[in-house]
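Presented sequentially are two complexes of chain A, the first with chain B as partner and the second with chain C.
Take a look at the complex of A and B:
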């Protein structure tokens, strides 16, 4: 039986038995597919598996009873506002609080500069929507945040990676890449960077490099997208001044309450120059009409009634303890791998011993009850199989140690296999695809 | 001074003094602009103005104290789930409740068929994102929902309007349009329709026409987008069976809690065939990672603890009383206009006496302390100036009567002026543009 048209629905160019609308999708939708690692993550969510894969914050430390009482009062006294439509740009009181938050990183913003978004993922989506035509280039670190790469791909951007090292994005490499792209006549729209406690690499752009990066971007006319969900979660000293702190016109700053308070409200923000801000608001209205008043007012009420700065401080201590648990366990159980020691945030970026493939190894790791994210997720070009990302944010220190122990054992077995049968270097390149591994990797 | 490059930022094709990134926007962003009626709506929100413009539900009737207590318990007992990331497709318990809601319109769905979205606006955005390439055709009623037209424009679709009458979309006109478009070789992707208590036209697609519309869409291979926020808010009898009730493969059904409960949570949904649903989830993850757990779990808790069916019934009675207040006042104060009498929903669609222009008249109406939406907002082609939309959902009956009285007086003055100086028929077509009037018009 012919697979085509079997439903009797022609569609603009025909359907299939499995999908009557197969021929009707937009170009951009052809690149949308679930990666096969999603099926593994479904298994990884079982309680017996130690997941070092997700980026979920640890919320048990929040004062839940007092948050519950705050919201009760909020809905009882201001319910008709909480439950109603709000403004497309976001609630003004919350925008004032956001100005206070970013002041901690040296940003002098006005509430008018702030656009509230449905998590900073929506901010990424809106920025790509208003700037990226198919074929435009977005420059990003190598590696880069998987969720941002997914957005850029969905707008049919071409991502060019620039190396980072222990001090973050390398200015000379950025300049060489922009110079080459200019020579090739390619249209570079955005430089996407996670300057603090990078996801997945864990590194922070040094204070010395920050003005250099800005100067290079300015010289090549490239807008900088500074994605900074982890900036306040540093383990030592004060936060570095944000890129946006010294460049109001050349930087779009993206922030979020997801890591410093709670992701369940889906509230993030962009700080943008005036004209760009107007376009972002229009794009957001087209996308969701307005952000949730219920979420925004709940966050404002939390900030007004709780010691949110103290809460961030206690998160820092919690995550530092887990970082220590992880790096100590890595030293003990994975002596032939290498990694950075992050000074904040959620992630350790591990380089495997030569010949191992993080993607090919994942099913065996999950069978051994430990999960991670293969490095390939963080590159637009399918490379990165020699790395994996471990997150220490959610599991307890004891679980982290157990997870790393299991992983060390998997790696040991893998090396024995490689010694016997050779490596996975010739794995089918189609299997390297890690499109859209889903919200677990936020 | 040259306006170009004055900031020293070249941008990909140069910036201006007002916007250094002017040359960097994507094609799709050039069509994004605020309509000048937004400035008027800012004035219309002043308390002395009776706004018959917005689509905000009236929330004072909700049991706010009991909702507040329900959320308090929810956060106190399940806070670490409420405040955490959720699944991209949406919370499973809420999807089960949604299945119960749509069963009231004869839909037999499974929770797996449901994708939870950030209001049904995001559902519209996701549907356009996965189906619409620039230049593709979307067929919509004349008039059609302004927020949907904005989405289609932002994906560079060409909207073709098909007339409706008192029984909704006219099957013969739909067929003639699809036949012409096929002859012209144009690629029709979607039929967008609001079958119940249409926004803005107030009419309902009759039971007799429903199978005809589905048959025509099937024959031409066009996917039907059934947008149904008002279906449960009918004033007499049971809801008609949804289009989706008799066609699982050919209809994407969009629903929302915004009108039957509360828009402040921003929770809507799509029910889609399996393969389309998978693409929608991937597109949503790229756009927002996941819908808000806080919102979704709050709605589930409300549905489990409150008499939500009784609440919808009391909303119906409230809105029927307001509909009656409006149509009675129209008969008294606007004898030379004509309108339908909607049997549910929020809107009356008014045809002005010959020679009057709803758009040109709006500033004078706002000066007279009454606001409405000009008909031009609901057409992709700039027509519709002979109509206006009045909404009766939010103001009290007394305010509705006062607003219609003021509007009748504005229309009287306008007709006197027209008699003296001629009509506004030659208004600048640029001023007809009503792109994106914002969330007030939901």
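Take a look at the complex of A and C:
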């Protein structure tokens, strides 16, 4: 192991930077580094800490014995296929199942329209890879999914945020932003949106706004990336029709089994118009050759042998109970904060009392054995310190109540401190970074 | 380390008392007195090399490395523990890496390892509390005992002890959060600024890895720095920033007296903060530091003085700045210096010509020897 230390080459003044390739990295890799925020989450994974940070589904709710039997049978009967390379576009049977899944949101697709990916995170990466040149603009909601911001940054895109409200992305604000960008002569490539049970904001794009958003994007020639991992996890009523349901050419639809089944399989998908799909397949093959056959066939087997619709319904009920536990606890313990009440998904987006900085407060929270994700993670420009994201998907209702109680106490202490020193939550210029999320924070 | 930009003003040396009044004890078993020490950096390198030319043989020795814990430095500790465990295995030791949790004490009681190596950074690991428990269990461990750990963990006490031992240390005040509440933050900060001026370093009085540390250039930045500091602890140490060459000097004592390893110099294009410490690239290291023999000797002497005056055992790292007058300005001492891929102790060991396995193995042997002598 000593050799690992000897790999440093001389730095500019003769010392070592402990990284022989420091000067060789591509520019897009320069922002890739572990932050102290990420280090704090190492503590958050301890059982003593109530983590309201991660977006991990509650897998204890799955019929694990039955799934184990299915996998065992699959390997016993089709082992040489399960463990072999597969198609670059993805297994055809699974693509047929995916068509059934998206039909629940009004999408009329053919299995040929589907490209299976390693989680929808890879789909995001592929879309950015084939569309984004350095300096291109990606328009995203304010706030936006931290994992998407990381992808856009790695392709050196410039992210322009557009506000959302209780009904999702604001069409007038979108139009104003696209108009301004056009005036400035900037090249806008993508509109990235999470229309259902937004991560982190929890809101859903209303049915009335959906056609308006599509019309504006069409008028400005901007491709819409509809990222929809939570769409089937609504707590009331049927899912709203997907954007892709009414626009086959102008929307790339990203879906995932991670939230409705199991993220460990790492299976997601893109539904794309023909020409785009061809490029996505080529890009995916150059990246991973093919998605995991074992994962795809296991999911197909699950969907063929289990009541997957009933499982999703069961998850909806479980998460609704947890959402209720969280909002009730927030009312009791954080009366000076404000938040939305999500009608599905995993997240509550909390606005802190004036003067508090969610990022600066995190160490105190971790000391008090509770964790959250600071709002700064969800903005490309490092703003958002006055917000934090709470997840209710993984902890039990009892743990949620305890976590919020602890957080309420932390906020009280932090507020006293902010009052004492007269600080405010203006962004610290040193913090203008996106914190690359760990996998359990996505 | 000061975690300061490269351009700093020179501050006057001083040993101002902090608000805390505890004193260290020097009763740590096995602590050699300074007369047995070697403060000549070249000599110490040679001596250290010649004392253990080969990696220690730890065949049959069961070592439990404690890493992780609940402090803010858990992630760093896990990395430190992994590296030490890897080295000790090359010496033939049977190494178990354990986190600190409710299963730890039953495990230790059942298995009774030959040696425990607590590599827990931050509270719990460095404040002496865990070592108290190891003493209660009668277990042999690598590193400083509980009382001296406690004194060193408190930066204000460590600075005072170092000052009493003749070292220079930047002028500072140590202020608990409650004091600002009682007296009013504006008035207290005005008093601090009047005495210390700018720039300042604000840091938790107890803590490591530069967490909660801010470089403060002017009054406008001071309130935010205080809030960020108090997020990590209830007592702040506000220190006059000094300019110079920023170094860490590790001291090892494997039974033949404390010896200073070559100083490691760090330079960064900004603060030597968490990012600069643990992400290779932003920091440039010089091992040995670019110091004249005379300055290197002064630095080594200062580190050994800090080590012995605080009653430390086996290993420590003293962080200093060599100011423009060539005076080592003592900042703080770490009783559990980091052993990650980017930490200073492993670099110093390599610069001394020894292997990590050799040094870490010899420290385990020293712990065994001191336990047998009791």
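Here is the rule we use: the second predicted complex is superposed on the first by the 417 of 442 C-alpha atoms of A that agree within 3 Å, B and C clash if a C-alpha of one lies under 4 Å from a C-alpha of the other, contacts with A are read in each partner's own complex, and residues count from 1 in each chain.
To be clear about the criterion, a contact is a pair of C-beta atoms (placed from the backbone, for glycine too) under 8 Å apart; a residue touches a chain by one contact, two chains touch by 3 or more.
Not measured: the values here are computed from a predicted model.
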{"item": "Chain B versus chain C as contact partner of A:48, first or second or both or neither", "value": "second"}
{"item": "First, second, both or neither for A:249, with chain B first and chain C second", "value": "first"}
{"item": "First, second, both or neither for A:231, with chain B first and chain C second", "value": "neither"}
{"item": "First, second, both or neither for A:19, with chain B first and chain C second", "value": "both"}
{"item": "Which superposed partner A:39 touches (first chain B, second chain C, both, neither)", "value": "second"}
{"item": "Touch count on chain A, higher of chain B and chain C", "value": "B"}
{"item": "Which superposed partner A:363 touches (first chain B, second chain C, both, neither)", "value": "second"}
{"item": "Touching both chain C and chain B, counted on chain A across the two superposed complexes", "value": "8, 11-12, 18-19, 22, 33-34"}
{"item": "For the chain C and chain A complex, residues of the former touching the latter", "value": "70-76, 78, 83, 86-87, 90, 101, 177, 180-181, 185-186, 209, 211-212, 223-224, 226-228, 230-232, 265, 267, 273-275, 278-287, 290, 341-342, 346-347, 350, 355-357"}
{"item": "Chain A residues touching chain C - in the complex, by the definition given at the top", "value": "1-2, 4-6, 8, 11-19, 22, 33-36, 38-40, 42-43, 46, 48, 357, 360-364, 366-367, 414, 416-418, 420-423, 428"}
{"item": "Of all residues in chain B, those that touch chain A in their complex", "value": "7-12, 18-22, 24-29, 32-34, 56-57, 59-60, 62, 64-65, 67-69, 71-76, 79-88, 118-119, 121-122, 125, 129-133, 136, 147, 150-151, 154-155, 187-189, 218, 220-221, 223, 249-250, 258, 262-266, 273-276, 278-279, 282-283, 285-295, 298, 435-436, 438-440, 442"}
